[in-house]
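Shared chain: subunit A. Partners: subunit B in the first complex, subunit C in the second.
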Partner chain A sequence: MRMSKLVRTGADLLYPFALIFGLYIVLHGHLTPGGGFQGGAVVATGAAIVIVAWAYEDIAEMIRKVTMMAQESAGLLLFIGAAILALGFGYAFFYNVLANSGGLFGLPVAFGPNPGELDTAGVIPIMNIAVGIEVWGGLTIILLYLLSGLKKEEGT
Partner chain B sequence: MIETLIHVLVIAGLIISALLVYWFRDLLAATLAAGVFSFLISLEFYILQAPDVAISQAAIGAGLTTAIFIIAIRSTSQYEGGGS
Partner chain C sequence: MKRALVLVTFGILTGALLLIPGLLQFGIPAASDMDDYFLEHCQEQTAANNVVTSVVFDYRGFDTLGESVVLFTAVIGTGLMFRNMLKEEEYEDE
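So, the complex of A and B:
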């Protein structure tokens, strides 16, 4: 069962913008308000609009259950991997080994009021990205399972 | 002064939308009124300088909860009291 053509077209138009805005919140989590959970929830809202507007058979190809489950697991594994990385360097669990190291996300933070540099903060952006991927998959798969149960209900 | 006026307007909108959720017999309209309530309360969080909470409230409250309610209404009846 689909909604009207107006709702479907509006959902298709809004989906890429919600995706981009959510990923922006995730990537700038260490500079601006928001972070992994908030950005992932915004992205999942964009997916929810499409899921509500279309029937399950139409979006089953586009938003797959397997992909969302893999995203959830990959996000959690990346988070715990970033925490274990510090153990490999001989520091405590969750120690920020990448900060001020000059490598990935390793620039030193400028002193005083400044617009903010994206390439700082070490391990924190990686954990934000991990949480963002995980929340995206987790919240979307709840809606997908709700909608697929609805399809069976109407079939009988 | 301006800030107090905005507070009063937002809180009046909150009370009105909460009363509309109780008042509507059409469950789809009641769900949309609940979405308006969530949006207004996220605006109030932003005015009270908690933009972090405001983003969460706008995404979860106004987006995902409304979507879950709409899916639930689709599989059951649209009007209160059992008549379809």
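So, the complex of A and C:
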């Protein structure tokens, strides 16, 4: 069931901002409050606004279930891969090999309160991105499944 | 009898709830060795400014792995439950 044109336009306007804000929370998870789970939930909220405002049939082409399912699986695999990465360097599972290494996300951090640098914290940003992608896909697909049950009841 | 038992239990729980603020002081945790360790070492060991994220994704990584797997399983369960409802559309997708 479609909502009125005002609600649909508002949802279309809000969707990119929810996307950007959620991705900001995911990418800055090692510097500011938040992280993968919270940012992914924010992005899924943006998808929820669009799904509620539009009918399910209009949304099915835009937010595809297959894409979201692949995204969720890719997020979980990336998370486990980032954890297994330490085994290749001869450390224990989940050891932070990239921290303070000088490579990707490898800058050292001074002790005490400081504004922070985005290029730090080793595998933690990678895991944040992985979990964010997974929560985004997972929550969106749950919403799609739950709200698609309404499609036959109301004829629009 | 039953009513008296309910009242006594309620009284004991309310007393315990009121006793806690009297026994503990704000800002002075009972055991803080672990907190101090994380606060002092997280920036040099994990190079992350956010101590909570460094605990969640580095020191307690297995917990987060479990959370991710729980979410994955929940999505699979929802998909299995609602699959019959969307059967004709699912065939179109494939």
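Throughout what follows, the second predicted complex is superposed on the first by the 148 of 156 C-alpha atoms of A that agree within 3 Å, B and C clash if a C-alpha of one lies under 4 Å from a C-alpha of the other, contacts with A are read in each partner's own complex, and residues count from 1 in each chain.
We take it that a residue touches a chain if its C-beta (ideal position, glycine included) is under 8 Å from a C-beta of that chain, and two chains touch if they have at least 3 such contacts.
Keep in mind the model is a prediction, meaning the values are calculated, not measured.
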Partner chain in contact with A:P33 - subunit B first, subunit C second, else both or neither: both
Comparison of subunit B and subunit C by subunit A residues contacted: C
First (subunit B), second (subunit C), both or neither touched by A:A99: second
Which superposed partner A:A83 touches (first subunit B, second subunit C, both, neither): second
Partner chain(s) touched by A:R8 [first = subunit B, second = subunit C, both, neither]: neither
Subunit B versus subunit C as contact partner of A:Y145, first or second or both or neither: second
Where subunit A meets both subunit C and subunit B, residue numbers: 33, 35, 37, 142, 146, 149
Subunit B contact footprint on subunit A (complex, rising order): 1, 25, 33-35, 37-38, 41-42, 44-45, 48-49, 51-52, 139, 142-143, 146-147, 149-150, 153-154
For the subunit B and subunit A complex, residues of the former touching the latter: 51-52, 55-56, 59-60, 63-64, 67-68, 70-72, 74-75
Residues of subunit A defined as touching subunit C within the complex: 29-33, 35-37, 60, 64-66, 69, 72-73, 75-76, 79-80, 83, 93-94, 96, 99-100, 106-112, 114, 116, 120-124, 127-128, 131, 134-135, 137-138, 141-142, 145-146, 148-149
Touching residues on subunit C, where the partner in the complex is subunit A: 43-50, 52-54, 56-58, 61-62, 64-65, 67-69, 71-72, 74-75, 78-79, 81-82, 85-86, 89, 93
